[in-house]
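Single-structure report; data block below.
When the chains are written out, they are named A, B, C and D in that same order, and each has its own residue count from 1.
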């Protein structure tokens, strides 16, 4: 595996044909992504419709993707159940996954506090064969893991990073100032990629990288070259696009944009629905204004 | 099976010994409950720590419980994935479950609207062998299914009821006025059992019934006998207890109370923790004030 | 004044003509309400657009209304500032108000806890010449005053009741079981009038009473006469109407419904806007289905 | 007045002695601040306990502060009532205020959308003699004004800026890319000062500037000098302090820190309470760790 979590990493969407997983289409997309400056791939992120996939589907996808790329492979594998999480992570590891992206447990919201998170992540990290990346995404979980908790967990030898999908870059800043240099901070949404990098992040796992991998990489490269004005300019151009494929139209919007941009998007799985015609028109306009399509 | 959803039904807790399921303790509890006026049992409700159990554990519990009771058996079997939900429901049906309690999908919160819920519940109900009870519990899911949606779903021949765990009995009232008489409305929290019955509910699936089955049944019976003052008196006495075992102390509190009242409670599964000593003292006081212990 | 808080009380809307208060229209409405079985009036409730009125406007309205009715007059007079609240309450008292309806302070949300509420209400109640009714309305304040706090405050000689505008009647139940009989519990929304009365409330301050005073009164009377089935029937018929004039269309909807039902509604004050044409059509349909209009 | 909104601006706390405003103490603080590199002052920000002050107190404070400084004076003057807002803004202008900081109206939360905000801010800006700075602070208002709305309002000749107190710097970025260069973007919380400046903000109105004006200014200066590493280092050192005086301990914490750092803090006004002894110990530790006290 590539030995670190740096650069731009798309959380791949899962193609469905007639509501069934199409690994073939996924691999076709993968081949296209291999030609872009991407450091790796996430399978089964939120927008990978992780919650709609069963265990067999997941393992079959990992196997297939692993055969077709040598880039870093990060697998979304967190569930409320510690036992199930460990089991899935280890199966993923056996199939060649490099990292486990473990979302915060969240069902018993009012119990999800410092101690509970320590219990959960310590137990998982102790028991799996690949390193853990903590995944914080309050917009889906309605739970937020505090910076103090992450700082404490960062000393665990098998917990090596955080994907933070809030838009609050001061979290990155604060954690960065309090963890060892090996602990990787990963921006989870393109809207704050640039402020996140400035604040200490080394990578971005970005839905936007599914449709605009080059623009995401440019922001990253320009930041590294300290060309801040140019980085910000591209960042700003991408903000409306990123909104469209996340908060505005969700995974259906992301997939529709993929179809418009030469990848296979297709429909989200039921019970989600594809975009309406009116939404498609709005999406196209946004992509056009950002010069992603003509 | 008993052919209807009426009366008091405890959502059984799942006993763990050394963090492993103890079916033995579960059956011991069951034998005790069989001596009380209970109409059935829910397995894998929220407080059954459903999210911490894997598929094998669930199937083994259903099998064992089915062998030891002829009362109605309702199995919590909802997941975001339609496919997985159908598969689990049908396995439960094969093992003798009478009803599937299907929690609202919730991960993609902002997409969980009228159309999505129709898609989800119609597909599930079309494909499973036992009737569906919709389960609405916003405090855990951060999603609320609107009364209009439930009313529309009530016409599906295989969707036969709703467990509503909000504390808003006007929802029961409104739905009751707009559905056919076979559609069962079930109160999901003891704090509004009495107002719920008054508003058209026929049953209560109540965490409280794990520790105070007789008091819950009395409220139900007194309501049926139109002895409203007496019903309300017991209801009021139980409100602080119900708070203690739900919002205040969660499943750890419910299990601790079970231990104090002659059932096997034990610890919740990791990452949850048992009550602290100070919390135990407070819990005992509350149970004493309600005359449940001396 | 009428010496107690029982029965049905409309929180009067404030008529505006060209965005200016029309006391004349308010008095015209009042004359109509005097012919209905209403126990009193609230001025400057939430739907009275309290937050859009200045002090002079409020005092002038109180003066005018007091001159035209001998029924109980309850004046909404709570602000975050204790000092301002006291001053407004005492001015209202001088003009003949019978009770002060004091909304929970709410700006510093995370500080609004037991101790803060005790500080606030004790200080206000100590300093004003008329009795205080606590007003809890989380949908507007995003703050909820706990039942424990209300129970503690109920022992203050000048705090004599609670208007609770949540839809959770177990709050009424729990408080009722723990306060002296003189402490009045008032339902704050028509959707739970009947469950609230059953649970110990003696009155309803209901937006719905602005447009359907007789139906509200009937629910109250039938409850008193223990004709529960009939009470529930009317309650259920009113739920969609109540939703339309509260959560669905807000104060603009309430005022539009008043216009349709023979009262003066008019437009809400800026920045709020009147209903659109499409909304008007929907509102009329709802009123027609409830047999309020032909 | 200083002719633009750049640099660091503390939102002054309001000193109380025996729960009464002490203008004397406020002026003493002001004299101290005059020796620091601050561009101006905000009166009656959230932490100025704006909601606890009446109109007379506010006007008297403005008058006094205006007499003692020639720096930019920004006055918090937003209320739900358009009429009252206009009246207060114009009184403030008469007394020498340079800008009105107008918080989003928020009481009717579900109505607070694009159109309503346009109505509100347009009407206010049309009618007052000093320029309007929009103030967005969802943690207190539970309302968020969308970037699209701000961009549209930015074309009004009398709306000249935004104080954004979310921690999401992509909002700054997005607005910056879509407004004319005269529209000023102001960071509203020190935790994202640096990312905010990078994203296009020109100033910070920061509670932290009440206790650490030099550190705030250094972040600003280092950013202007493009010494990003150093800026970030100070920013990171201040994050725990900023948390302590905002989300952790609120205005009571901010005032306690002022007392520890040579300013007059005192107690917040009732119903708020001063820090407990345990909280004081924790606060001191945090200030010590940030080298603000020995």
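Here is the rule we use: a residue touches a chain if its C-beta (ideal position, glycine included) is under 8 Å from a C-beta of that chain, and two chains touch if they have at least 3 such contacts.
Since the model is a prediction, treat every value here as computed from it, not as a measurement.
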> For chain A, which other chain has the most distant CA centre?
Replying inline: C
>> Averaging over Cα atoms per chain, report the distance between chain B and chain D in Å.
In response: 48
>> With centres defined as the mean C-alpha position, give me the chain A-chain D separation in Å.
In response: 35
> Going by the touch rule set out above, which residues of chain D reach two or more other chains?
Replying inline: none
>> Chain contact topology under the given definition, line, ring, star, complete or other?
In response: ring
> Mind giving me all the chain pairs that touch?
Replying inline: A-B, A-D, B-C, C-D
> Contact residues on chain B for chain C in the complex?
Replying inline: 167-170, 173-174, 176-177, 191-192, 194-195, 198-200, 228, 232, 235-237, 239-240
> For chain A, which residues are in contact with chain B within the complex?
Replying inline: 46, 51-54, 79-84, 87, 105, 107-111, 115-117, 119-120, 123, 139-140, 142, 247, 250-251, 269-273
